[in-house]
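Please go over the structures that come below.
Each of the next two complexes has subunit A plus one more chain, namely subunit B in the first and subunit C in the second.
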Partner chain A sequence: MQDTVLVVGGGPAGLSAAANVTSAGYKAVMVEKEDVLGGAPILSGYAKLVPSGEWASEAIGRMVKRVEDDSSATVHKGAKVEKLDGEAGNFTATLTNGETVQAGSVVLATGFTHFDSINKPEWGFGTYEDVLTTTQVEQMVASGKIACPSDGRVPERVCILLCVGSRDRQIGREWCSKICCTVSANMAMEIKELSPETDVFIYYMDIRTFGLYEDKFYWKSQEEFKTKFVKARIAEVTSSGDGRLLVKGEDTLVKRPIVIPFDMVVHAIGMDPNADNPEISQVFGVGLEKHGFLERAEQYTNTCGTTRKGIYACGAAYGPETIDDSIAQGAAAGGRAVADLHALVQKAG
Partner chain B sequence: MAIHEKALIEDERLQQHDELVVDGVDVSGHWNTMIAPRTVRDYDDDFEKKIQGFVGGENVHRCWQCGSCTNSCTMYAQNVQFNPRYWIYLTRLGMKEELVKDKDIIWQCVSCNKCTNICPKDVKPEGVMKALAHWMEEEGITEKAPSTIFDEEFADQIYKTGRIEDSKVMQNFFKKTGQPLVQDWMKTFVFRMMKHIPVKHLMAMGFNTVHTPRTKSWGKTGEVLKNYVREQKEAAHG
Partner chain C sequence: MATYAEMQQIFDDIRGDFRYDHDLNGCLNCGICTATCPSAQFYDYSPREIVQLLWTENVEQIYDAMQEKIWACAQCMTCAARCPFKNSPGGLVAIMREVAIKHEMQSAKDVLRPFGRVMLKLITTGNQLSPDMIQPDHFPDWGPNIQKVEGDLQVLRKAIPVKTLQTVETAWEVSLKTSVEMYTIWEMTGVLKSLELMDENLFDVIEDFIDEKREDYEDWLEEQEEEDDE
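The block that comes next holds the complex of A and B.
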């Protein structure tokens, strides 16, 4: 009799799935490749989360604790699934740490990989010390101080470039990463809070602070924190020769070239498909959609399904996703997985 | 190559040497015409705040450039150079030189407030037009508007005497704005007034015009008031 769900990935989505499985009275086995649980918000040290405003370490920390303290949940850290045998209702997973796990159904919560800014060399990351990514600035904010890495000075002017590694055919990324506009608007406010004399500019093609994020983040950032939004896709970041950075582009609203000095340039990096996805696709026998994320089954009646029966997915594994929605999807995928087990119980009579 | 369509380029961006020989080739005059690039090299981070210090400009930072104001604008329908959206953008980024180029049209706003009624961010573009016009007057970029001259004359008399003498305000206003001191409408006005006002009143009025007495115990009040107004202005406009 199968009473176990295998949850792969210990980020917000996986943690939510596991908690949902055990709260329904079943067992969850979590396999996480890193040595800590929590996924991107913990691994990359995010500061305050959108939209709750809670510190990532506290909010996601609660999710981690809930699973780690749960006697019905077993956690394998620093491990991956190497092989999956069997079929829906009766899977056997072999882990890289040598253990095997019997499970009736599987939830893939394997998330995403941050875009590596090195792939856009014209924007100066890796060349200039004061060009950073949103994950690095998240860590800076969490540490309570905004400073230019080159010489430790407090920046007079910071610019955030949106859509770095998203919406760009040149590098084969034809998706919007969904959360980076809101994260950037929020980050501008965090920077201003830490350093009121710093002016923050956001260079955008579109602002996509969807739903309730509109006034809470975009408007607030602009109206209360004086963030300036400039419609331009930056062409190049170079050095000014006197320790500052020059941001070049076209201001599309005035139809004029711009070359503006900044002290710090931040890339709002996007969400790539998990670099492990080809391997995950092979091991679990699930399809990938054209961008390389996990392929979603027909959503209306096979919610959180994949192309394989008995294997469900949730969160950023499917495509760019927010934490809150990843958590909701984790709960839904956990529910589907549990329903499969429950059906087995009934069949066994 | 010689540039012929100079009409499309602002004068100050055309660069040309009358006499120039390069590598033995005579390229004098229009053969060496160059156009200075229009690159924006910096923002003025404090300018937006400055305009916010003028009445009406307070909400300029809210603008997200949707263009609704320009679309609805009475003046834009007359002249497509009248573009509140654009000026608000220049204000936000501090592109003063660009604003100054439009100094002769910005003041033409007729305060119909169509823009104010349509703006989704409640920027009050009409107020921004007013604030910009006042900033330009204050900086001497545009001449003082007649209304400003009137206001100043009005205030001046109050500072001096604690009261205003209508006929004096009018006379000085006409003088400063180069209008004839005696105008037809005034003749009619005075003539009709004389028919109805008691002689005693008329005499008092005449006396006041010549003598202009101060309000009782006005003392230093005018001085204090003037300083206060100046301080308030400085606090608002820097």
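The block that comes next holds the complex of A and C.
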């Protein structure tokens, strides 16, 4: 079965990998544990994507359609790989739906898990109805209306707290989730577009709108949408008693503690390692790095490699990643997988 | 005003403390410590400022902060519980206070003087506070509501059902053995040495008292042995 690549995970990275495998004339078998393809952008109902500005349902939808319409691609939804035997060039995967798949290479595009804000109780999620996560507000934006869940009113003041579940040794999350700064700047603009009377404040430790995101998101959100950036990590979110939320922090540039009222508080939640990673590590025999993401092989000459020969990885399985870079890495991993199979066939022939 | 060399020495003593590297990993300057600090709400004190001064080795400003600011900390350690970098600003303040005492800084003496009575109470009774200390004229900074507790304390304490708490000069009874063990701890951990540096007169009073108590304890032990022999 040296003409088949098994792709695990049907998000942006996996969809990209599968498409690249079939473009090269090989067969792709995709296994997705959920009942729909598309990964986090579809499952969590993202609104407009960064940086294209396209609706997630349309952009990722095209990727899904490309694979589902592909006669060289087979898709197993609602299934997981429960066992993997063999070695590079000749793997046999047993799926939870009873099927077996013969494949020469495996691409792990197993992604991440959103941070669960319940793990930072002092920031009010789960206690106050009007404390939301970025994924919830994405859904709100996609539905076309910004409203406080408690009573349906349009919020006058919204704040977004950055680094929720990121850069926090207290809860064992020492990484930067990479995308939240840009996503939050983008979200501030989306909120203002839907509700021009709403003012948006962003509380940050550092702003990491890296590369070309600087002016397209960080500057634009200030210049055109009047988003206010305050350098403060919030200590706690409480209730004022009149239905509003109180946000307590230190404005570190002005150097005094502050308590500010808001109608809605949004947690810019970070990217955790996929909660299934311990299982994935065991089933596929690949290592995890210290934070719990998949361990990357030597990158310079074993690009997209894992600790096991013949098994490749891409996207947020390796660590927090943007959608665009996940797609690029998926294409790279798919390319690696077929190139190595091609080399095996040449050698045998 | 101290010379630069003296200020540098003070900083070196702070940095040389064995807890220093454990309490200071760097600083992300997020401000969560100051946001959550009860003292920062009321005083010109910011745990983030303390951390930043130490991390950037600003010896002049460190010396300045040791004049008054570091004594505003209540040592509640909420800052340490919240810091995303797992620093302990409160722990650093504790080190700075000990160094201020070691260097016999006048500011430390001034700040600590009102606590002399508490120290005396602690050494002589094993309690930091006792009901008879809560009087309107003793703690004017406790505000006007202190008058609500004025009255015949002896009678008021009788209302407490626990017998050992029906005292006025002490909060509760502390046994002689416990007291003597406490003296040993204070001696070995340098508390008594610190006291000597800050307030020599008080130290003399307390030292005499400790000697007396230790003799009482020796006598008591001998009595016990004699009783056993009988």
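Some points to look at:
Basically, the second predicted complex is superposed on the first by the 348 of 349 C-alpha atoms of A that agree within 3 Å, B and C clash if a C-alpha of one lies under 4 Å from a C-alpha of the other, contacts with A are read in each partner's own complex, and residues count from 1 in each chain.
To be clear about the criterion, a contact is a pair of C-beta atoms (placed from the backbone, for glycine too) under 8 Å apart; a residue touches a chain by one contact, two chains touch by 3 or more.
Keep in mind the model is a prediction, meaning the values are calculated, not measured.
Touch criterion met: A:Met205 reaches subunit C, while subunit B stays clear of it.
Touch criterion met: A:Pro257 reaches subunit B and subunit C at once. In the superposition on chain A, contact is made by A:Phe229 with subunit B only, not with subunit C. When both complexes are overlaid on chain A, the residue A:Arg167 reaches subunit C alone and has no touch with subunit B.
Shared interface residues of subunit A, touching subunit B in one complex and subunit C in the other, are 231, 251, 257-258. Subunit A meets subunit C in the complex at residues 122, 163, 167-170, 205-206, 231-236, 248-252, 255, 257-258.
Partner subunit A is touched in their complex by these residues of subunit C: 28-37, 40-41, 46, 48-49, 81-86.
Note for the complex: subunit B touches subunit A at residues 37-43, 45, 61-62, 64-65, 86, 89-90, 92-93, 95, 98, 121. Residues of subunit A that touch subunit B in their complex: 157, 199, 201, 207, 219, 222-223, 226, 228-231, 251, 253-254, 256-261.
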